[in-house]
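The structure that follows is given in the form of structure tokens.
For reference, chains read A, B, C and D in written order, and residue numbers begin at 1 within each chain.
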């Protein structure tokens, strides 16, 4: 049963958690996905495992709030505390089922830019960079990105591809370029969920979050967005999902601030 | 005579000259040697090349202070807050100085250090295929469906650890990021530690010793030397401190005021800690590891 | 349901079929999984490829029993006694079967496994330049002043360790040789252990966990499973046993008599240990490691 | 002061120990060199460190007898217990000053064969292989080999080069072939010590062990052996050296058996 009072971030976390299948090895990353993993583990994916590039594997979510993946509660009780290169080895072998990547800018083919707005030599904005994003985008079996839905962030083509999605959108672009992983399956924004065709390519609108409209989504999207035949309303967070989110983010550090 | 213990100021003066390539922040969010970085700033070090994976606020602080000529890293910013404002100003407006950036991913910077550790020109990988990072970083070359990552050999790696002895045997625990390969790749290692312990402690568990002692040039006993980053078993992460830094460093004047308050205006780490409520950050719930038996006879 | 604990016979039957590529003896002289190797012989396994660094008597025993089609290793023999007589007979006289040998050095076999662990076709190195090993091993190619070592991906790695839990979290200590890269490179790992412990023991020290549990297919509680090789904290090396094997295996008949006495004629490790004075080998001088604190709150 | 009663192996250990300089990082290997390291460490090289390919670094020699480098007494009190690839990394960086290699067959240019006698496809003798020998021969700054002096072991040219010395003996052969380390400096046999020119090349007789003659050495050497201008008698083990050897090999496992 759904509740009406939730923040956009809480909805995004709930939606992201539903991307995690039971038994998945999840490359968790930072921020909202840490909560999404915790929610999924406590609901439909009790056999999922989390992998963290800092050098950790976990089954149970950390018992306390995490500001970063390297916070002490994420280490206590870990299944493995090791080197990043060992964690990356598992992903390079194709053992990571799902990865999460935070995006600053994404395009219609799911390419992410977290490096440069404008010319790399004289950028108008220098973004922090790849972190593990490019590794996840290239090597994980499937991945999902979360971002605030703004026209300046969802662009026709990113000027710099930090973490490749489906490249120029041409058939089998990833395979032709030697990328091992399957590519992006969803873009979860503050307004909606975009999804990709089975074989990759261009993103389309799959569901719109409660209180928002297709028209609004199109207006905030930097390209002529394809619309699924049946766009549904994104199922809001259930009470259980909200309870879990608020247990792991008690002060709303991630889910109740702008 | 064999002892490598010295004060932070001496370790930085002797082993990190201008123009050095310095690897630090190698465990990503935990164990960041902030105290050593602040001493680099106080001593006015210049033209450094910083090497790291996801690199939290310390890189931003060193860049803002004008210590850095080049960054070779996977990520530079403020992990819990987002953008690094000094990093942005340096790249976008050349304030305080122009900055050369060699972008990596977390995996590729690790491989660059393994290449140096094994003394080969480069190592191959399947990551970064299809990424424009290949276009902007001359140290990465694509060929035969692989990316060849050129070796990165730091002059010095600076690590903060939980405990070490006077001869440079180091015990660290928790996720290690790229710490091990950086220490093996570097010409030398500066260790800063929460506890300076007797060799009988470190040698009781040689599998936990992180580097060969032959790599370690200096051991600095600097409790709290990683604040505001977390230290497993000792300190929680000071999230509010990162937030305050993010807000105040948004503009140059704010950053300089922050720098004066927390770096230039304090002589050393002890004085710095006197201004932090470190007791509130101290970890009180202990979780001791089960010992193992190195019995031999 | 999640438990991976099973008897040796079941683990070998389920996870090491004929034609498998099997990495074992990965810590060189210590922690050699002799009990697992003897079960391979009892089950009449055929056409195995054995992968290892310096490989002590177990490789020789498996070759003599006709289990092995190919050896990919740096060294095969009897470390304290010298030559491996079954290895010699297989290479020189095709007794009991012809044997293909892919010679490596210790460094190059490690790199072959790291290549597989990182899923790249090969890794470069400066070792083996000028060695005729490059001429005889097709998996090694010289180019541009480097040697490119082709990846070796074992189907299964078999390791004997001091302790493990039922879900496959492993604690091992002492020198590790190429154990870690072999476990990461292999499709799956069979663990045999001195002690089967509660997960609260293994998870008390995640830095000591050797592999991700996702790699571990089976956990066999097999105390003494490494005899005659040493196990830090548990057993000394049984030098006399190696000497006896060297002398008796000099001729085929002597080897077969040895095999009947110690492998074919015993149903399992428990019966084998009943014939060894393992108490004389037990380590009595304990040297416990100093615990570390994983405290988090 | 020298004593008369010692075994050939005890003399070889004493001679090998004198190759270790104080402060050296020594790649120790197996058998007699383990004793040589212990002797040196207790005499003229108290600051030497030992590196073992199994994955160990030590300062003090093990307190008890070692049948192999991986025996428990060699691990207790180690300075570092790690992976072989980390130990090899130090050697690849040029940090290993001296390595020891056991030889089955050596030639006039210091090349070692520990792989095949006869054709590799149909060997008359299959030897155990390289182990770390090739790595030491190629990557350590200088190295020494020890072997029984027999005409079949000291040959004009080995048929198979497992661990390269100075190749075909031509000037700068190692440099031209990209070998990082400096090459062999001595061959210590049961009869004598052979040494090499500063820049490498062909071995020459430098000293003959007490009780043996140049004539005997030449008769047991498979090529026309060069003789140094002044061949000395190898200084026998001192009482201190013998005492140390016998402390670390109390039953004569390595030094009082054939």
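We adopt the following convention: a contact is a pair of C-beta atoms (placed from the backbone, for glycine too) under 8 Å apart; a residue touches a chain by one contact, two chains touch by 3 or more.
In this text the structure is predicted, and so the values were computed from the model without any measurement.
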| item | value |
| --- | --- |
| Starting at chain B, fewest touch steps before arriving at chain D | 1 |
| Chain A-chain D separation of Cα centroids, rounded to whole Å | 58 |
| Distance between the centres, which are taken as Cα means, of chain C and chain B, whole angstrom | 37 |
| Inter-chain centre distance, chain A versus chain B - centres from mean C-alpha coordinates, in Å | 28 |
| Centroid spacing, where centroids are CA-atom means, of chain A and chain C in whole angstrom | 41 |
| Multi-partner residues of chain D (each touching 2 or more other chains) | 56, 71-72, 75-76, 78, 81-82, 85, 88, 92, 180 |
| Residues of chain C whose C-beta touches two or more other chains | 111, 118-120, 125-126, 146, 173-174, 176, 180, 207, 232-233, 236, 283, 287, 294-297 |
| Chain-level touch network, classified as line, ring, star, complete or other | other |
| Inter-chain touch pairs (all) | A-B, A-C, B-C, B-D, C-D |
| Residues on chain B engaged by chain C in the complex (per definition of touch) | 111, 118-126, 146, 162, 171, 173-174, 176, 201, 204-205, 207-208, 232-234, 236, 283-297 |
| Touching residues on chain B, where the partner in the complex is chain D | 117-120, 169, 180, 184, 203, 206-207, 209, 211-214, 294-297 |
| Touching residues on chain A, where the partner in the complex is chain C | 25, 49, 56-57, 63-64, 71-73, 75-82, 85-86, 88-90, 92-95, 180 |
| Contacting residues of chain B [partner chain A, same complex] | 27-30, 53-54, 56, 73-77, 79-80, 82-84, 87-88, 91-92, 101, 103-108, 110-111, 114, 125-133, 135-136, 145-146, 173-181, 230, 232-233, 236-237, 239, 242, 283, 287 |
| Interfacial residue positions of chain A with respect to chain B in the complex | 30, 52-56, 67-72, 75-76, 78, 81-85, 88, 92, 115-116, 120, 122-135, 137-139, 160-164, 167, 174, 177-180, 253 |
